[in-house]
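Here is the structure we will look at.
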């Protein structure tokens, strides 16, 4: 199991690098789709069918929305010579990456290794969600009963995003006849 | 798009619609639920738009309608959650309907109701976003 | 532990992309990659060897061991938030493209004046 | 007070936000009257609960009792600090929403403005009340998403670009926070903040807590616009519509950044010295670099935005000084002094920065410019804006009878007694430079030779009303220094910070 | 036996990735994404047989239906570079 996941993760990392360095945007979007579908395989192997379904659906919709955005614009990646500022940002990001990786390695020593998770908060969820909520899908039972406020908040975030998109895509911000001068 | 694609898109969009509704309604006994079902429902509309073009739905009026759908369904969800306060025990998000037998369609108290409401809401939201993007580009081209 | 480190590398690739890319759409893609890695991290944490998916198909067998449902719930919530982020950023990107005629963030900075 | 009342703090604005698109169909004016009513109700509610409820309430969503010792459901926690923040948030929200009725008339799509404003208020109230780490993240997202959209409200080039920058940095910060939450869940197997603080006491690996705290300081530091992460703030705060700028600068950075830092690093994580040194360093840097950036700015709103960075620096530095004293376990009096100063300055800054942004909006509304070089001679035409902005400017730059003087003085005193002479010196220098650029603002905007046309009128009534009320409040804030009043308003919040383990003990009943 | 097949099938995901990296034209990349979808469908069905959890069939349905939409969108883009007409 662990080996399979490692193979997929390495493939995902390669695809992510390809996606970031791709020459045109459609290749980048397709490579990002590869990363997303790899994530679906990981979810399937990790016994999370709920998430796999949601991730498939999301991946497709994100792909369509990105395509709808970029479809009649320039597809080419901006290829200009590297300036001094670029060198600065590249060094900064590499230093950040190195520091984070080093400390992450140190920090996770002593935590539960893969597959040996212990339950504390969710012990009761696993044992008694069926009795109390009657939902055969434990994730949905937790989602709408014990953590219902989170889910309501999530729906509100989506509502906010729809309002935000409508705000951003207005043609003009101010009424024409009222602007002075 | 050619006639074959258009016809197949019509058939498949109906299939997607039914599958989305199934997913939203059976959220508490199978994988799926409100969110996945809602996205599938909106996928049906998006597929039709992609196959047939913009004028298929008379989009200008649709954005208003989807926006209303969205706010009404989430409003009902909020009121349902709030109604838990009056169901005896003063607890927000009180699941006061009886749990029923697990595994059957009518079980889980309020969970299926929330799933259906969120399904409608997500379908309306994603359609709103997609339609808004498409309409915007249409207006800017003129 | 290898898995967690690989997952963190994916996260760092996302940060690297956000910091160094100049294309608006590429920045959005990098953020999406970061999101993916965080989701994977949460689900990896919740996995229990030999556990089944958190769905009780046969209610009488309720005492079988299942993987932790809580991280999956969190990922479900965070995924929806991720869609919201992406759609708003993409709407802004298309708007900026129509105003400036380019996706290059440095050019946009210069043109603003 | 019954526990369920605190649910209303986010249910009412959410209800308002969801109902407005429907009422808009019947009357297109309805949103602009619903919003002030909602914020007024919230203000009354927050004042009521603040005065009548000094004790901590833990309200359980869904009514799931803890199993054994482990809390299993989402908790909402109301205590002194939350009450204090709620009063500030709803106060500024009420005056901004009244001000917005006239100010927003020239914009299109007002329905969306009011909906997003209600969502932002709901998100901030939720952040302040959340007792669960992931729930806090979700409410942070609601407030942040609505602020992204509101920054881009007048869809011109600057606004869009500012909003994009804000979204990229804010999105990164959110993901870093989520990563930190995942790591915390990995270690403690729980999400309840009280339970986390209990579980984190027995961690053997001593790099893990430092790593987590660094990650969370990075994440919430972006939200609070501390200095290495401040790049989004000047653009975003200066290009939003003015009522929203007042909300963003006055309360949003404090709620999403400073409040969460207070809550997490005092009540959840064990207090330690290394984090407090990081906080003092970040605070000192923000203090001085913020004012230096503000001196060079000629755009009025941009100047105010830079000055926000410096004042958040004051608050964070005060918190750090208090924390280091708590961690060393010596001289609790200095810690109390530092926390009092920080919280007092937080309240003061919310009021006078909100007022200054409303003044800037009034000037923009009347004279149609934000550049200080193009203003001048406005004193003749806009007496109310002049007086209110004068009181706010004197207060922000710390002249003696005004409230800003006392809060800065307390922070500087605490720094001197604690032995941080550099921080005290920086604070004094920053205060002097603040005075300099506010004198510049007064001179160029109101007293220089008139360079604008003489057709300028004073702003409409509702805008005047909220500016005058805030100016009066701004003058009244200095009474908070009196012991009796301080007892009621500041001490509950200070006690929450001082008794670091009390929060968890009361919730878990240990 | 099925475990070995699972390994082989996951190893085969390298080929679409190669095609995405190398593929000279956009059509190649598009086809690679579609092939990845088919591979994952196979993986999913093998997992269903291994773990005997039939409800995962839902995921297969959703995948097949949605890959049609995404391929159609990409194809429409390839056809005339715009989505809305």
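Each chain carries a letter (A, B, C, D and E) given by its place in the written order, and its residues are counted from 1.
Methods note: a contact is a pair of C-beta atoms (placed from the backbone, for glycine too) under 8 Å apart; a residue touches a chain by one contact, two chains touch by 3 or more.
In this text the structure is predicted, and so the values were computed from the model without any measurement.
In this structure, the chain pairs A-D and B-E differ in their number of contacting C-beta pairs, and the larger number is found at A-D.
In this assembly, the chain whose C-alpha centre lies farthest from subunit E is D. Relative to subunit B, the chain whose mean Cα position lies farthest away is D.
With centres taken as mean Cα positions, subunit B sits 21 Å from subunit A.
Centres computed as Cα averages put subunit D at a distance of 48 Å from subunit E.
Subunit C has its Cα centroid 1 Å from the Cα centroid of subunit A.
For subunit D, the set of residues touching two or more other chains reads 14, 18, 61-62, 134, 138, 141, 145, 148-149, 152, 155, 160, 163, 186, 191. Multi-chain contact residues of subunit A, defined as those touching 2 or more other chains: 49-50, 52-54, 57-58, 60-61, 64-65, 68-69, 72, 104, 108, 112, 117, 119, 121-122, 125, 130, 136-137, 141, 143, 145, 147-151, 153-161, 164-166, 168-169, 171.
For subunit E, the set of residues that touch two or more other chains comprises 53, 55-56, 58-59, 62, 66, 69, 73, 83-84. Annotation, chain-chain contacts: A-B, A-C, A-D, A-E, B-C, B-D, B-E, C-D, C-E (touch as defined at the top). Within the complex formed with subunit B, the residues of subunit A that make contact are 49-50, 52-54, 57-58, 60-61, 64-65, 68-69, 72, 130-137, 140-141, 143-145, 148-149, 151-152, 155-156, 158-159, 161-162, 165-166, 169, 171.
Touching subunit A in their complex are the following residues of subunit C: 1-10, 12-17, 19-23, 25-26, 28-30, 32-33, 36, 39-40, 43-49, 51-57, 59, 62, 66-70, 72-77, 79-88, 90-95, 97, 102-104. Contact residues of subunit E toward subunit B in the complex are 55-56, 58-59, 61-62, 65-66, 68-69, 72-73, 76, 79, 83-85. Against subunit E, in their complex, subunit A makes its touches with residues 3-4, 7-8, 11, 14-15, 18, 26-27, 30-31, 33-34, 37-38, 40-41, 44-45, 49, 52-53, 56-57, 60, 63-64, 67-68, 71-72. Put simply, subunit E touches subunit C in their complex at residues 51, 53-56.
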